[in-house]
Amino acid sequence: MFQVRTDLALESKEKFEEDNVEVKGVRVEEEQLAPEIRVTRVYIDTENGARIMGKPKGSYITLEASDMMEENEQQQRKVAMELAKIVKNMMPEQKEQMSVLVVGLGNRHVTPDALGPYVVENMMINRHILQEFGPCALEHPDGKIVSAIVPGVMAQTGMESSEIIAGIIGKTKPGLVVVVDALAARSVRRLNRTIQISDTGINPGSGVGNHRHAINEESVGVPVIAIGVPTVVDAATIVSDTMDELVTAMRQSDTLQSLGASLSTLDDAEKRELVRELLSPNLNAMFVTPKDIDDAVRNLSHTVAEGLNLAFSS
Amino acid sequence: MFQVRTDLALESKEKFEEDNVEVKGVRVEEEQLAPEIRVTRVYIDTENGARIMGKPKGSYITLEASDMMEENEQQQRKVAMELAKIVKNMMPEQKEQMSVLVVGLGNRHVTPDALGPYVVENMMINRHILQEFGPCALEHPDGKIVSAIVPGVMAQTGMESSEIIAGIIGKTKPGLVVVVDALAARSVRRLNRTIQISDTGINPGSGVGNHRHAINEESVGVPVIAIGVPTVVDAATIVSDTMDELVTAMRQSDTLQSLGASLSTLDDAEKRELVRELLSPNLNAMFVTPKDIDDAVRNLSHTVAEGLNLAFSS
Amino acid sequence: MFQVRTDLALESKEKFEEDNVEVKGVRVEEEQLAPEIRVTRVYIDTENGARIMGKPKGSYITLEASDMMEENEQQQRKVAMELAKIVKNMMPEQKEQMSVLVVGLGNRHVTPDALGPYVVENMMINRHILQEFGPCALEHPDGKIVSAIVPGVMAQTGMESSEIIAGIIGKTKPGLVVVVDALAARSVRRLNRTIQISDTGINPGSGVGNHRHAINEESVGVPVIAIGVPTVVDAATIVSDTMDELVTAMRQSDTLQSLGASLSTLDDAEKRELVRELLSPNLNAMFVTPKDIDDAVRNLSHTVAEGLNLAFSS
Amino acid sequence: MFQVRTDLALESKEKFEEDNVEVKGVRVEEEQLAPEIRVTRVYIDTENGARIMGKPKGSYITLEASDMMEENEQQQRKVAMELAKIVKNMMPEQKEQMSVLVVGLGNRHVTPDALGPYVVENMMINRHILQEFGPCALEHPDGKIVSAIVPGVMAQTGMESSEIIAGIIGKTKPGLVVVVDALAARSVRRLNRTIQISDTGINPGSGVGNHRHAINEESVGVPVIAIGVPTVVDAATIVSDTMDELVTAMRQSDTLQSLGASLSTLDDAEKRELVRELLSPNLNAMFVTPKDIDDAVRNLSHTVAEGLNLAFSS
């Protein structure tokens, strides 16, 4: 059965609020950091909450800023600093110097999916300098030891990203993995203006290209922080949401009021049946993205990389 | 008012057939070239036909092949040979050796819009060889003299593509311009499996990035052949078509039959009103494209370039 | 006959100093702006100076900073501010608002030649905003009106860059052209740490890819400022310089002293004959470039674009 | 001490022939396959041969074709078929279906080093199809199971390519690794017209970017076939070879004959001393490459990928 898809915990929660469903085991905290930056923290505390939300237990922190995708150095810096704070708080404590493997998931040849690879291109990498010249050669001797990889997508490699990453972790033994990925949102209004930071890693079915295997502490053996930016909406989600808006629009439109009223009397099973029938099978492999996605992905990847570089340099 | 958008004359014609509207001044010829290649010729003969179709008078020839986007050398070669034939028939007769400027419209940094730039990268260019070494240095001495340009999009250049091209034509005086562009289709089923060849050039509002000014014989002073491949569907078009499918689906679904029937009694004005209300303004700057658009654009650009290279080499 | 090639006026002048040749009609001013930034101004005042230097009359200003190619935001900013000052001083005075066309010469697919295209990717373009929404929509209403083009190289387009640019200028009528290009230096020590700004435009034979036609006020009808960064040394130049170093090395090496002495007695004609014989014809189409040219070109193009954006925003 | 560098066993052998040194334990077989394709097989049979050649024991097969870098489909196909034959002969026998991991070494952002990444982009990958849909879904059911990875270079990842590959092999267990890399030749005449296939893997110090760790059966646990194409010459090698050519040129030039004669009386130690003194330390991080390296790398990567695809599809 078709389900409205979103990789944002924030949107999953909103969906239940729309439907007036109370979800036990999930807490939400909101904070307005500045006129233009908003932080929302969704905590999934119980297995029950996880089951209902369709996402693992853990923290999902969302940074939202309306002009995130524009080239505005000052604003990018502010967002990057908030991102750095959140990531630093989420990092596990370690006695010795922490080493981090940054993973840029996605396909560099598909613009909205290129966020992960682009972030990696802007990371300050120093593991090889430490290995070759020792700690004195590092710019920030107290910072983290940083390595990075762009594994590519399955059609390019024939391998699951999770296989590639688990193999590399087994060999290079980082203390933490940070996975950066482009996400699918439910609402076009969230595209390119939202960053989600989570301590749960990457889970099946998330991402633009539907990565199917988990990349989390359970599967790779070290803590995994996931950083995601929604750059697409599933085409099927747009259609499904249109269905809901149709009902609402009908209610509000004078000429159509009677129709809308009767349509809204359908129960949920009937609505789902209707949506299923409407969905062209072609739509499943399609996504919706803005026309200026090239600028958006470029600017967002700078911001995310700047935030991570800040978080790792001290 | 919102209009379902398609850059394919073939789809405009189909729309009228769906609505059982006869369009005078428009002729259609269909031909099945092989089990897997279909050619449809739409001729807009009169000003009246042009007004109704929303496209200028001229020939619009569509090549369709279901596996066009796959990497299949033999099939690509067949399609390329058909494309070459169509382009050669469309080229104006000239006494002296013809020189052609190939223009790759679109944004190379947005995957579904990169078709034009990629085609230019695969063109055999020889104008500079002729200028420097004379006709004996050409591989095909009887072929056309070929030059090419990727003008970039307005956000990158600050200039209309039409300004750039008209300037270059004024200086280099080609006898023919061939403009290659990614198009918007109405139906996701046509994406990446259709090539439209037209003797009318590029007209306002077509293309993925909504090029606004015409590039045709009237505006640039030489004949313009336009080659387009649909790689996206406008997000608004998906929503609008969903509306129509909703009505059909309702009629066919047992539980919803009565509702569908009453919805289908809306007249066209009421339907349009409903669609207008449904359309999120955000959707106007969005498009729908397949997840494997990188492979599709790469393979299609090889096919189109091969077809043009064949057409120009004799 | 082979001539040591450099696109830097500074190096041409140094060559004469090495050879103890006084060049009349050429003035040099040096200034240490900061411990790490050095400005050298070479003025070619007379036709005689131009003939001897092998470069047109005009000003050639060189910014040198040893760490220009590293990713160091503060240092990049300083260099960018000096570049902005120099460019602003060089711009012609105009009563009305100045419009500038920035041209990124070179081949984006050959790393050391990609500087021009990369600079254009980082420019703030606003001409289309002004055309569509009027002056109120501009971020800096008193700034320059900026457009940009990446014409590509002759093997890609079949056209001289000068033809393409002259055509575009004829159509869009900018008041100033700024051409950005990768250059060839004589010394590997100058690579990626030098920016030359000149009011003479681009002249035959300069650039990594040997652009052959002039792009200057005479050929395109508006003033042309050329901004160049040396990213390669001609392979033939390396060999030729080795010859000179060989003589010096021989003089200083105990075992070879007598040989070196006799070699140094060769007159210039004999030395040139020797060099000519040594040069493999294959070397003419070869260049020398550093292994980390990707980082260098990326960082330098950011600095140049930042400098130009600063110069044009007020 | 400086040593003339080449990654081609063929050139190492030629060097000894030039110097009239007989190398025991090394056999050479030459074959002219067609007027334009030449195959040379160098077998290093003994540890002594390996020590003198500076390369591990094993087979080094070189395909040479003068027009390999041009876009010529028929000639590319011939070379690809020969490459496929050589690779198939070199593959270890296995009872069950062989699985192959193709590794594209090098830096995709530095044109002459991008060969490996480009080859991977053109490989037919099927491991994921087999995993998901079973053997019936494969195009060539009797072919090899192919996966591929582009590990990136150390400055991008902070990790040795050998670490990344060993990790992935540990996880995905291929039966064979094929490593594709751009090489350094000694002579500019060999650039872009030579393919070396070897059963010894990648060894320290080879490749454009000086990969330092071995990727061979000993280090990764499975047989490794290395495929290399020389795209650069070390700048220091050019200078060193110039020294030799200088002596030869002096002997042949009338005016300089006496000088050349005396220079040629230097013994090898003296020559090396001279070369060492001539070498600018800057040159060590520099390479020489042709100006049209973009076309060369594109065409060569198509040929190599076509050869591998042929070898793996049956």
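Letters A, B, C and D mark the chains as written, and numbering starts fresh at 1 in each.
Keep in mind that, in the parts below, contacts are C-beta pairs under 8 Å (C-beta built on N, C-alpha and C of every residue); 3 or more make two chains touch, one makes a residue touch a chain.
A quick note: this is a predicted structure, and the numbers were derived from the prediction, not measured.
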Subunit B and subunit D, separation of their C-alpha mean positions in angstrom: 44
Centroid spacing, where centroids are CA-atom means, of subunit A and subunit B in whole angstrom: 35
Between subunit A and subunit D, centroid-to-centroid distance (C-alpha), Å: 41
Junction residues of subunit C - those touching two or more other chains: 155
Arrangement of touching chains [line / ring / star / complete / other]: ring
Pairs of chains found to touch, sorted by chain label: A-B, A-D, B-C, C-D
List of subunit C residues in touch with subunit D within their complex: 107, 109-111, 155, 188-189, 208-210, 235, 238-239, 242-243, 245-246, 249-250, 252-253, 255-256, 259, 262-263, 266, 270, 273-274, 277-278, 280, 282-283, 285-295
Interface residues, subunit A side, partner subunit D - complex: 120-121, 125-129, 145-152, 154-160, 163-164, 166-172
